[in-house]
Structures are given as C-alpha cells and as structure tokens.
Amino acid sequence: MGKMIRAVVVPRALQAVMVAWTVGTLTFVLTRALPGDMAYRIAAGRYGYDNVDAAAAAAVRQELGLDQPPLLAYASWLWDLLTLNLGRDMVSNEPVWSEVTHQVGHSLVLALVAIAFAVLLGPALGVAAGLRRRGALDHASLALSTALRSVPPFILGIGLILVVAVELRWLPAAGHGGFAHAVLPGLALALGLAAVSSRVTRNAVVAVARSPFFAFARTKGLGEALAFRRHGVRNVAVPVVSYFGVQLIYLIEGVVVVESLFAWPGIGHALVHAIVARNVPMIQGTALVMGLMFVALNAVVDGICWGLDPRRRAS
Amino acid sequence: MTAIASTDGFGLRLGALLGTPGRRLGFALLAAIVAFAWLVPLLHGGDIASQNLMRTLAAPTAAEPFGTDHLGRSMIVRLAAAVRLSLGLALLSVATAVVPGVAVGILGGWYGGAVDRVFVTIADSVLALPGLLLVLILSAIAPGNFWALYVGISLVMWIEYYRVVRAYTQTIARSPEIQSSRLLGFGMGYCVRRHILPEVLPVVATMGAFGAAGAIMAISALGFVNIGVRPPTAELGLMMTELFPYFDEAPLIMLQPIGVVFLLVLSLNLIAGSDPK
Amino acid sequence: MTASATQRRADPASPAIRVRDLSVAAAGEIVRPMSFDVHPGEPFTILGSSGSGKSLLSQAIMGNLPEGLTASGRVEIDGVDVLALPRKAREAMWGRTLSLLPQEPWHALDPTMTALPQVAETHRHVRGLAEAESASRARDDLAALGLPPEAADKLPMQLSGGMAQRVVFAAAQAGGAPIVIVDEPTKGLDASRRDDVVALLKRAVEAGGVLLTITHDIAVARQLGGYVMVMRAGELQEEGPAATVLANPRSAYARQLIAADPENWPVAARPPVAADAPEVLRAEGVAVIRGGRHLVTGFDLAVRAGEIVGVTGDSGCGKSSLGDTLLGLLKPGAGRVTRAPGLAPHRFLKLYQDPPTAFSRHWPMRVLLDDVVRLHRLDPGRIPPLMERLRLAPELLERDSRSISGGELQRFSILRALLLDPVFIFADEPSSRLDPIIQQEIVALLAEMARERRCALLLVSHDMALVDHVCDRRIAL
C-alpha cells in the first residue's frame, strides 16, 4: 500500500499542484493583460453600465488585486487559489466554487458515459480483429479507425445531431435531462476513443499471440482458450489500459467542445463561456476543476495499471 | 562526400519515406489539398469577406463552383483561405516546436544533470494540463489573435518532441555504438549526426504529421466555439458554426468545411502511419 | 518429471519417434528429406549452425511450424503417424506425450505471472490435479531443480537466466510427457550453467525418457552422448554415435564444425612476448563498481605490447565492467589505471560482443570508415590491403550493418580498430554470438593481428578452452 502511494498517488498529487499553479499563474497574467480600465469594465459587467460608479470599480479593483504591486498581487492570487477562495463569477455574481462544483458533476457523468461506450466498443472490436489478423474484420476496423481518428469529436457530434436527432428524431439533440440526453454527446466522444483503443487492443492481441510465452503455454499443454485466458488477457490489458491514460487528454479536450455543441451544462461549456466573456474568476475555477478532473481520471487509470501489472508492483 | 551519395543528409531514403500505399495516398491527398488552397487565389480570385446578399446559400454554378454561404460569400475562396490558415498555422507550429524540441531533447538526453532536470520540470508543468486548456486560457489573454493560437499550440507541442527525443538520446548515448565512436576519437557533434539524428528524425517526422493533424483539429474546435480567430476570417470551425443554422436549407454548403477538415486530418494521419503509435 | 517418464517406459527396441523422409517446405524445400529414429534412454542430438534448418525439424515433429511452412513425409510417435492427424489431435499431445523446451527461457515465461503458477498450471490443467495439489507439486518440482523457495514467487524479470531455464524445464515437464524436444537449451548461458542444463537433460533420459536435442553447441552434443546428426543448410551431413562422429568426423562439414570447437583447436605456435616489450597499461588495486555494486576488488594487471591475456568468469561477474574501467569509461572505485605515456587516447580500443550494436545501422561501412580516416587524417590507401587481409569483399563497403553478417561485421570492427594502430584492445566476448566456424576464424585473426602489430589484447570469454588455446596467460574473475 505504501508502495502504491509512492508510485501512483504522490506523482499525481504533485501533478495536481502543478495544475493549480499553472492555472493560477496564467489567469493571474490574464488579469494583468486585460486592456482598458479592467475594474470599471468588470463592474459594468456585474452591475450594468448605468449603475457603475467609481466606488464599484474600486471594489472590483481591490477584489482582483489590481491595485497591488505585481509580485504581492501574484502571491495573494496564489494564496486565494490555495485556500480555494476562487472569488465570484463576474457575470452572475455567484461564488465560483459553488458553480463549478455543480458543473463538474455533469462533466463527470458525460466523461463516464463516454468511457463506458468506448470500453464497450473499442477493445471488443480490437480483440475480434486481432484474433483473425489480416481478416476482413481486421481490414475493415483499420479503415474505420483511420477514418474516425480523422474526425474531431465535435464534428462527430454534429453528424450525430444531424442524423440521429434531426433526421431520425430518435434522441434529443441538446440539453440536459435523463440518460437519453447523454447518449449523443457520449458517443461523439467515445467513437474517437474507441477508434484508437481498438487498434491498440488489436496490436496487443497480435503481439501476445506471436509471443514465445504464449507459444510455450500452448506446447506445455494448455488449450488455446485457456492459454489466452491465463496468459493473453492480462498481457493485452496492460498496454490497452495504459494507452487509455494517454487518451484522457483527447477525452478532456473533447469534453470542452462537445459540451458547448450539445449545450451540456458542464464545466467545459462554462469554461468556453467564461473565456468569451473574459470572466476571469470563472476561467480560473473551471480550468482548475477541469485540470483536476484530468488528474483524477489519470490517477484512476494508474491505479488500474498498478493492479493489473505485477511488474509495476515489483519494480 | 561522394561516399554518401546513396543516402541523403540524414540517412533517410526516399523509398522508405514514401513507404506504404497508405502513406502514398496521404501524400497525394495532402498535395491535392495544398494545390487547391494555393491555386484558387491565383485562378479564381475573389475576397473572403465580399458579401452578396442577393445570392445567399446559392447552389454551385460555373462562377461559384462551391456555391455561396449565408452572406453570399464565395465558398471556394473561403475554403481555400481557411485551408491556408489551418494548414499554415499547423505547419508553422510544428516547425516552431520541432527545432527547440529536438535540440533541447538531444542536449538533455546527452548531458543530463541540472539543466535537464529544469527542462523536465517545465515539461511536466506544461503537460499537467491538457494542451487545449492551455491554448484556451492563452487565447483569453489575447482574444481573436492568430498569435495566441500559434504560441499556445507550439508551446504545448515542443514538449512532445523534447520528451521523445530525450528518451531516445538517453538510450543511444549509453549504447555500444556511441561508446565505440567515442573511443575512436569522435566528438558529440559526430555522434549526433551519425548516430542520434538518423534514429530520431523518422520518429519526429511521424510525430510531426500527427501533431499537424492534432493542431488542425484544435484550431477548428476553437473556431467552432468562437474562440480563436474572429469573423469575417475564413476558418473551418468558425464556418461550421456560422453555417450550422442553415443546414436544412443548404446541407451541401455546411458539409464543405467538415469534409475539408476530414480530408486534411486524414491525409496527415495517413502520412504519419495508419496505426497509432 | 523423472517419475512420469518411468511410468511410460517404452520398449527400448522400438523407437519412440520414427521419422521417415520428413521435409519442410515453404515456396521451396527448406529441409531436405530426412529419416531417423529416436529411442528411449538414448539422447538424440541434431547439431548444426544457425540457418541449418534444425529448429524447423523440431517444430515439424512437434506440429507447430510457423504459418506458411508445411511438413511432408512421416513422423511416427509411438507408432502413430502424427503428420496425418488433424491439428486438434496433434495439439492434444502437447504436454502429455511431447513437450518442447523452448529457446530463451526468459521470453518463454509470461512476464506478468510469477514462477510458481506457471508451473502449477501444467499440473492443474494438463494433469487435471486439484488447485492446492498443483501448487504443492509445483513447489516440489522447483525445489527438486535446486531453486531457492523464494524464487517461486518471483516474476521472470526477477529471475536469473539459469533460474528461468529451470522454471521453464519444470513447467514443460509437469504434464508428464515422456518425449522431450529441446531447442538450443544453452543459448546465452555460461559454461557452468550449460553443464547444469545438460545434467538435467541427462537425468531425464537416464530415467527412460526420450530426448531430442537441437543445438549448435558441440560441447552439449559431446556431454549428452547418444546419437548425433550433423545438419547444414537443411541437409544431413553425417550421423552416428556421438563418440564416433565427434572424435572422427568423416564429412567435410562435420570435420570443419568439430575442428572449430575450441577444445579441438590446434595449439598455435605462441611466440613468447619479447622480453623488452614495453608495458602499455597497468592497473593497481583497482575496484570495479557498477550501479553501486562492487564487482571486482584489488585488481592488479600489467599488460605489455603484443601480449594476449584471457579473462574468464561467469556472466555478471564484472568482466565487461572491468574492461570499461581499464579503458577509462568507468571510474574505478579504488586504485588506479595508468597508460604508458605518449600514446594517443584513441589507440586504446574495444571490440563488442554483439557486432551490430557497435555500428550505426544507418550508414554504409564506407561512410563510417571514411569518417575515421578523415578524423585522424589517415591514408585511405590502407583500407583495401587490410580488407584483403581480413578476407572482406570490397562490395561489403557499400552495405550497412543490417545487411552484413555478424562475422563480417566483427571483422569490420577489427579493421576499424587496426586503422588507428591500437596498442591495447579490450575484446569483450567478440565471438560468442557467432557460429563455431566463424568464431574460430575471428579469434585466430584477432590473435594474429595483435601479435603481428604488437598490440596488447585482453580477450574476454566464458569458454576456458578458447582462452587456453589463444592466450599467453589467463585471469579468472
């Protein structure tokens, strides 16, 4: 257990700190780079142009630390971040923390639906293709995977909306409700993930089937199915799951755009809104939580790899 | 130098470069797209912003072979401009990322030590966040600015080259072939030229093609959510957003930028190799 | 496994494996038709260098030829022609009637599973024993082979080559198959480990088992005894009782092959090192440390020009690290290494065990040699006579290291070294990856060159006989 903490938890915890620092620093630079009288504009955004006065602008200036010398401001900016004092949404005036904690739940649901679809589709297709190498299914899955990898998730989403929602009217095109609303955005994200992981799985299956240890398992008397169960599955799963960790970047980046497309009330949608409105506290809050979600999913993948691969535990 | 007539400067052979049928298809596709993007302004002419509200969402004609958009602007001119923007920006970002990535990777892998650790830390902190988030925040700092995209994408991308090249260099630097060359009296420059670059460059080329494909997808995604470049710039993602409401009226117009993104990314993926690394 | 072998002791008069006109073909014939009988209790060995088709023969008998290869003829096992059987029926014999001891035991073990279950699963699924009994039998098997108890719970990457070899042996034998086919059992093993493996195999055969061994190692054939077939390029060269064939080979190839065994090398006339030969390198009280481990301590050595010193010892004892320390590539943990003054640093050189790893694979030989010539402003006219001397064809200059054989590549390494007029060469097992005939050629050339050019040579080898035949003196680590 102590070993696992050192090998899995500590590096990811450090990454989480790194995420917070990167987001904090970039958003701090953002506050300094905003043009014009920032405080006045923010106050205007918050209270409406008619109600802005010098006092309101001063309040904002103080809130964002715009009146402090840069280094001091930077320190107090990071301190606020460290104490999870994320400030207030400049548009709605709600506390950022309560908004993002609400949104992150939606995003997590979407991410998990996507992962579930991807895990159901990709590895199964990959194993089937790998077992009949150079067969029709193998060739077809390579072509399909190459094509799907060439379509960004939001375009897959557009396609799904146009075909499944608009033409066929099977599923809702946008918004948030029951599971039905999650199917299309989930699929938009999952298809790309599955396209890659099916090939990773297929290559791992082929590698195992050709490996000397698999041949030895056969000649010592284990039947094909038994040999695959005992020596194939784990050796295939290890590279597939570790590659899934690499694909999490694709998933998180996809979430940002796909949520916007489907008007899914998650953290990615909120981030895009905040950036368009240059709503600094929300940019910081959403980017931070999105980054932490990325780290957390990575930690889960690491943990699964740790459980799957005894070589990691031994080294 | 006559001795190395059989190979080019870094031991890459043209046949190996063109390689598989998939890769040849990729090069052909990319060449066709490049020809389209750079020939249209010469042969067709026209301005990406000039509107003709009398002829909106027009079907293809001889004068406008790709039809017009919701503001009556020429689709062929806008598509060609959008390809020049996306492909140009992607290739520029890759080029910007490759040079420092490879150089710092070789130095770090070869010497190790404190400087290497500093670069590893920088790389880790940049990659702690998914790259697109970084680009998003950067484009909030300088909204609607081509340069924010360029800096953001290159900043994320150089690290990949750095990490891979560093790992390769570390392995090669400890190998007998380098030890043997050092014993024979050769210096680091020679080892880089004869041992490291020939090993690393094919990998970098593959990554470059994947990276360009990723950059094109990222640019279009940002355009699609209205971050990045501003109207009336012709950008593939932005064009999709603008045309989305008119899908019912003119589905073929809307499908054009989608098809172009697909073909661009497909050609680069095919050049990189059909299977993921 | 001995118990199971005795259970099924066959009549010694009738062969357990009877092979008639067995050939292997892909597009063309790769292994020419062969006939032979393997009897219980008598080791049967197929001897040949790499590329002789001997592994294909074993796979044809086993029934696991790679895709695209087909076997024809008859292979009778206990009287049944197995080539005529459907694939399923042949596979059903694996582990139960026939077992195969694969090459490179490390790779034959599942890297993600500890040793014990890899043995126990044969008991469990091939013999059909209960879970608990399978595990305890497997534990006994491993102990019987002299493995320490903690090895049972280790992953293959944590086992030494010799330990992995024994785990594989136990796993292959647990099914109780009376017929054992062994493919290159000593590849990459030290001489002492090799003797262990041969002893294991002999034990199985003495208990009445059937043993068919495929090897390139003449020592293995000699130690096993029994019956020997010599193969070359898919063709039988000679066969007969091991004692006769190995002592008195009749075919030209067998004679060459057996003469190439270091044991049989002619004792070369060794001119004594000139009394006034200058010392080129001296080590005093040197300690060799690699990765925090003290491999060698208190090492003293003085080598004189033209002297050939053999270095022997099992793998992992620090032979290579000692060489790196003497060459200044590794800092000595204690003591010092001094070179004779006035000698350029690049005259102290090294030859590598695996020649392809010492060359960049991206350039033709000509480029790499030209680089050396240019760097040290040498006369390029020296290359052609040296190539002739080392029996390297000029057209090889246009090839890169991937398309040159190991023996030729090693001669290129020697050539590259000789260009620099070396005074000291550390040769790290320079021939151990080569076939015996090539090995003899390389070592003879190397020794000749060293004496002729008065270069000190430190020759590392795990083969005592080789060292004794070539070296002026020997250091055992």
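We call the chains A, B and C, going by the order they appear; numbering starts again at 1 in every chain.
Here is the rule we go by: a contact is a pair of C-beta atoms (placed from the backbone, for glycine too) under 8 Å apart; a residue touches a chain by one contact, two chains touch by 3 or more.
The shown structure was predicted, so the numbers you read here are calculated from the model rather than taken from an experiment.
**Student:** Report the topology of the inter-chain touch graph, choosing from line, ring, star, complete and other.
**Tutor:** complete
**Student:** Consider the two chain pairs A-C and B-C; indicate the one with the greater count of contacting C-beta pairs.
**Tutor:** Taking the two pairs in turn, the one with more contacts turns out to be A-C.
**Student:** Distance from the CA centroid of chain A to that of chain B, rounded to the nearest Å?
**Tutor:** One centre to the other, that is 22 Å.
**Student:** Report the inter-centroid distance (CA atoms only) between chain B and chain C in whole Å.
**Tutor:** Comparing mean C-alpha positions, chain C is 48 Å from chain B.
**Student:** Which whole number of Å gives the spacing of the CA centres of chain A and chain C?
**Tutor:** Centre separation, chain A to chain C: 51 Å.
**Student:** Show me the residue ranges of chain A that touch chain C in the complex, using the header's touch definition.
**Tutor:** Contact set of chain A toward chain C: 211-213, 215-224, 226, 230-231, 234-235, 238, 308-311, 314.
**Student:** Note which residues of chain B are touching chain C in the complex, please.
**Tutor:** Contacts found on chain B: 3-4, 6-7, 11, 175-177, 179-180, 183-186, 190, 194-195, 198-199.
**Student:** Taking the touch rule as given, give the residues of chain B at its contact with chain A in the complex, in rising order.
**Tutor:** Interface residues on the chain B side: 22, 124-126, 128-134, 136-143, 213, 217-218, 220-221, 224-227, 237, 240, 244, 247, 258, 261-262, 265-266, 269-270, 274-276.
**Student:** In the complex formed with chain A, which residues of chain C make contact?
**Tutor:** 62, 64, 91, 94-96, 99-100, 102-104, 107-114, 121-122, 125-126, 155, 157-158, 168, 171-172, 174-175, 177
**Student:** So in the complex, which bits of chain A are touching chain B?
**Tutor:** It comes out as residues 15, 18-19, 21-23, 26-27, 29-30, 33, 142, 146-147, 149-152, 154-155, 158-159, 162, 166, 196, 199-200, 203, 243, 248-249, 252-253, 256-257, 260-261, 271-272, 275-276, 278, 283, 287, 290-291, 294-295.
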